[in-house]
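You will see two complexes here that share chain A, one where it goes with chain B and one where it goes with chain C.
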Partner chain A sequence: MAIWLHELKLFLRQRMALPLLLLTLAVASSAVVAGVAEVSRQHDVIERIQPQQAEDEAAVAAFVTVSGDPGSAAYYTFHATWDEPSPLAFAALGQRDVAPYVLRVRALSLESQIHEGENYNAETALPGRFDWAFVLIYLAPLFLIALLHDLRSGEREAGRMAMIQSMVRSERSLWLRRVAWRVGLTYLALSTPFAIGAAIMAAPASEVLAMLGLAALYVLFWAVLALLVARLKFGSVTNAASLAATWLVLTLVLPGLALLAINAAIPVRQGVELTLAQRELVHAGWDRPKEETMQDFFQVHPEWRDTPPVGLGFHYKWYYAFQHMGDVGVAEQTTAYRAGLEARDGWTRRIGYLLPAVGVQVGLHRLAETDLAAQMAYQDRIRAFHDRLRTFYYPYVFNDVTFTMDDFARAPRWGQTTTGDPS
Partner chain B sequence: MNEQAGPGPVIEIRDLEVSRGGSRVLDRLSLSVAAGETYALLGGNGSGKSTTLATLLGLLRPDGGHINVAGADPAAEPEAARRQIAYLPENVALYEQLSAYENIAYFMALAGAEPDAMRMDEALDAAGLQPEARERRVGSYSKGMRQKVAIAMAVLRDVPVLLLDEPTSGLDPRATADFNQLVTRLKQRGTGILMVTHDLLGAADCADRIGFLAQGRIVEEIVPSAGMDVLALHHRYTEAAAA
Partner chain C sequence: MSIVRRIAANDIVQMRRSRVALVSLLILLALSIVAALTSIAHRDASDELRARFQAQADVEFEGQPARHPHRMVHYGHFVFRPLPPLAAFDPGVDSFTGNTIFLEGHRQNSANFGDVRQSSLLARFGQLTPAFVLQVLAPLVLVFIGFGAIAREREQGTLRVLAAHGVSARAMLGGKAAALGVVAAIMLAPAALAMAWLVAAGGAPILPALALLAAYAAYLALWVLAVVTVSSLFSNARSSLVALLGLWTLTTILLPRIAPDIALAANPLPTRLETDIAIQRDVRATGDSHNPDDPYYADFRAGVLEQYGVDDVADLPVNYSGLQAMVSEELTSSMFDRYAERQFAQQRQQGNTALAFGLLSPAIAMRDLSMAAAGTDLEGHRRFLTQAEAYRFGIVQQLNQLQAEALTYADDRSRNTDPEAAQRVRIDPSHWHDVPEFSYRSATTAEKLTAAAPGLLLVLAWLLAMVAAFRIAARRLGRAL
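On to the complex of A and B.
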């Protein structure tokens, strides 16, 4: 045991050891603080929505209930939806910095409402968020390289190797102890701020352990790589340069090339193109004969075929019919868009088996529920909610039922599973 | 007096053959060092002196021949052989950020020993390192002071074999004399010492036997005597090197 303490003392007395460990701790802590702050901000935004939503609904109800027009009720009422961050989102923000986590939807055509929010702010999208996953994946290997590149070569260059070899009982144990302290303390500096952040966010223990396990595997990968390079018996400078070049290739160049290859192999139209396509369909609906639109709509919703016909003037049942047909018209494109994104995501996961940086990123984002799958799940929940909105409003609109203050109170709410029904 | 050293030689090399980089460096080298004896191995650059030490330490595998270090074969069981050896490289490199005490404690821990402060002081006293310097970081030490720390380690380890690689190169005459005294003290404790050196005068002063190494083998071996003609010795040395 004493030899372990001697090794620790020796390591901590090295000129760069303590500053590097403190830097690792500071950077990991900053990333956790930034992540917790961002997630708290998102929680605050979501909390603020609900009273504002109630205020907005009351304002709409005040003027809509004068006429009792259900079409106006459906048209003017925005319904807030939101995607609460998971307890571990602070560690790997993933898509949450660019994909919307709050969306107010109406009973109009949906797809354009979903994809309007995909116009990213290029200034924030380009550098990405400074989160714990970023520190682990991109910076931790550099700290490890700084601590391990001269493990053996440093002793050779200082002229101590022969003396060490002449005294040490087991050379393998010596290097093992030295690697263990370097890797162990770096891992501790990385994982302690994360564990504190996870405790603050009340993250489930199993997922915290899974993230810590993933981080440990990644740290071990770089440690083993550094040891393999050390076995080649190059000088310290050559070791450092080789490892830095490997880091560049494994974390930046190859993932970048893989992303380019995936994007080229699986072309996916932008969400905004989907929005435009649907807008064009909806706008064309104004110019189509009402009867044609209604017949198309009744093909999809035959349950409203026997309701009173629309006249020559404006009627909301025609308006909602062509709004809905806008969604139906881009259904194939929506499916293709989603399939394309999921195919790209699938290839990214496969590449993760080859490139540890990609694999760990995919794993962390999955555990934090901030990946594409989580984003798609939110969109699915919005679509299901939108269906509930239409199911709620259509009976009022198609049966010309007066919309009262009580009906506003019965309208679907995000997060509720049941709703009132006027029929 | 160390306990490992038994009767007979503590170092025995017979017909040792070692190659490095495809060329033969040691060519049927034979020599032996008895307990309490100092053997100086003299030779020019590339004659095989450092290769001999590295092979004794088990850092190089011989192509042929036989080696025995206090009962252990460095080729077959290098770690067992190293447990019998204290080694002083030409430039004793210690951990500069540690004091003499801390360096000794660390290296001794590597060797599996935990000397207390009193034993360390005794060893440092024996090595002649001033008490006021012992708490200082060795980064500020001279070469002679570093050697004294390494000698203290050898004293503490109490091993039967001491290997010295150019121990007096770069030392001033006073430090060289101090060093020779240290070697004599270790020899008196029963340590068998193999020293490789260019320093004829030092070798003649403290060695019991001197072997001239050329092209990987001992070409001449002499026993220095009082009043020996160092110029004559130098003449033989250069002849041996030329041969």
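On to the complex of A and C.
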């Protein structure tokens, strides 16, 4: 034990040691503070929109209930959806700044609504967020390189190597102690702020441990790499330069090349194509004989087949029928688009097995639920909610039931589950 | 001056022998070439795809059958943002901002299908473009090649030997900087070639291209001076390397991420959802089209009746429904403009806050000016949004006017009950040809250079500061010898 403490004292007495550890701690802490602040801001936004949304619904209800027309109720009422940040989102903010986490939908065709974007500042999003994941993936390796690049070569260059070798009983355990302190303290400086943040956000222990485990593996990877380079017995300078060059290639260059390759190999132009196609389908509905549209719709929703037929003029049941048929008509493209996005995500995960930085990035953001998969999961919940909305309004529209104030209160709410419904 | 040249020449010979210098320079050059080729290919493919989609949308719009004009208001139009030629050098925010908007009556939709939302998290590692290579990677390679410039000579004792031969400190530093400057010039070469190609074959404007090249040259020059200066401050090569790596990390990796976070936290934008609700609320407060007794619309009607000298809207020579659609669109559109202006102003403030950190990091200033000169900054996207909204308003009002003039009020009212009226309100599709096509007006050279000016000034200030630091370092080294 005393020998370990002795090594600690030796280590901390080095000119770079304590400043670097404190810097690691400071950077990790500020990243955690920034992340927690951003996540609570997102919670606040979700909180803040509720009264605004209620006021908007009340204003719609005020004029719709004059006529009691259910079609107008469905047309004018927007329903709010939102995607609360997960407890660990603070550590890896991911794509939540470029994709909406609050979105309103109505019972019209969904494909023209679900791809809507958020009003974010693209210039500030461009460099990426300053969060704990960034500190771990980009900065931690550099801190480790600074601490480990001269571990042996430094002693050699100072002419102490022969003395050390003659004095210690086991050279191996000496280096082990030295490496353990350096890596251990760096890991501690990184993970303590994270653990405190996770405790504040009341994150589930298993996921916190998983993130800490990933971080430990990543730190170990860089430590081992530094030791392997040290075995080549270069000087400290060459060690530092080759480690920094490796860092550059592994965290900046190869991920950039991988992105180029993936995006070139898997184009996802179906998104634009399906919105163009969907608009044609929906608007062609105005020119087709109403009976044709209704027959198509009854194939999908036979339960409304026996309701009173659509007359000569405009009727909302026909309107909602062709709105929905617009979505049904592009279902194949929607699936293809989605498959393209999943393929891009899948290849990124595969690249993560090769590139530690990418692997940790993927793992942390999966645990934090801030990745592309989380974005798609939110869209799935919106789709399910939209189905509930449509089927809520259909009985009123198809049976010509007057829509009252009470019915507004009965409308499906986001987050409120009914049996068998995932939202 | 020949002594400076001799030192530089000698240094370059040494660099050619040094494996680290050679390998890192070759890797950088290879990356530059890969980045330039893929960037040019990507820009051309994206631009062509967008042009094709735009042509498809135009054909589809004009090919619509006879319809009630209000149907066309809701059929709407798609517009696509073309990519400027210099996007092949610096795509800027292009992949973050959506590149297509669906335009329709009464609503303002967002620009959708930006590449970042369609990509995995890899996109957040930064995209490998010529701009990224020069802004981020090139300074690091200069560090790798130049950290030992003076420090190693000092460590090996050769510095004193040189001094003993009467070489002044200034000549020594000058020679080292000149040698590293040659390396920087080699790094810049692929970018310069790409730029020349873009101007010659890609239709890129020449002045912004030259400004970009000059700015990148200044940026690399300031790094050359910084590397040699820092190298002269340390007694050994290792400390010099660690200090330079720290400096690079701070200015090029850390600050560019911290600055926007501070800008965002200081001035958070409202979400689109809140803006939508606020616009609806303001529209209702001014004139509620759902309220038959609304004073705003009652006044409008009274005004129209008085203008034509009739007592009832049915007696007007024009279709009142069309007129009402126009006034209502005018109201909502004015709200869209007001909220867009507010949002743009806030974004500009955020941008300015982030750019202020350019005082601490030349990389921030360089990125800002690079996007601005390339025409791929957020201002370019705002220009697209503004033009798209103006176009939306224009075509909606053109269609509303058709409703007012080509349809009778009686037909319009009875179109749901009278099949003949329903036929008559479907006006001839030749009218859709009269709707102009969207043509995006990109930033002029003057606008681009104005937008790039603040960043350019910051980079020049950095260059001057580095020249000053370099001279101080030379004097200091002179005294120490």
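By our rule, the second predicted complex is superposed on the first by the 393 of 423 C-alpha atoms of A that agree within 3 Å, B and C clash if a C-alpha of one lies under 4 Å from a C-alpha of the other, contacts with A are read in each partner's own complex, and residues count from 1 in each chain.
Criterion: a residue touches a chain if its C-beta (ideal position, glycine included) is under 8 Å from a C-beta of that chain, and two chains touch if they have at least 3 such contacts.
This one's a predicted model, so the numbers in the text were calculated from it and none came from an experiment.
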{"item": "Touching partner for A:I3 - first (chain B), second (chain C), both, neither", "value": "first"}
{"item": "Which of chain B and chain C A:A158 touches, first, second, both or neither", "value": "first"}
{"item": "First (chain B), second (chain C), both or neither touched by A:Q14", "value": "first"}
{"item": "Touched chain A residues, chain B compared with chain C", "value": "C"}
{"item": "First, second, both or neither for A:S170, with chain B first and chain C second", "value": "first"}
{"item": "In the complex, chain C residues that touch chain A", "value": "20, 24, 27, 31, 34, 38, 42, 49, 53, 56-57, 60, 64-65, 67, 71, 74-76, 78, 92-93, 96-98, 100, 102, 109-128, 132, 136-137, 140, 144, 147-148, 237-238, 241-242, 245-246, 249, 253-254, 256-258, 260-261, 263-265, 268-278, 280-281, 284, 288, 290-291, 343, 347, 350-351, 354, 367-368, 371, 377-378, 381, 415-417, 419, 422"}
{"item": "Chain A residues within the chain B interface of the complex", "value": "2-3, 6, 9-10, 13-15, 158-160, 162-171, 174"}
{"item": "Touching residues on chain B, where the partner in the complex is chain A", "value": "54, 57, 59, 79, 82-83, 85-89, 91-95, 97-98, 102, 105-107, 109-112, 114, 150, 153, 157, 163"}
{"item": "List of chain A residues in touch with chain C within their complex", "value": "16, 27, 34, 37-38, 41, 45, 48-49, 52-53, 55-56, 59, 63, 78, 80, 94-95, 98-100, 102-104, 112, 115-130, 134, 138-139, 142, 146, 150, 236-238, 240-242, 244-245, 248-249, 251-253, 255-260, 262-264, 268-269, 271-272, 275-276, 279-280, 283, 286-287, 312-314, 340-341, 344-345, 347-348, 351, 357-358, 361-362, 365, 371-372, 375"}
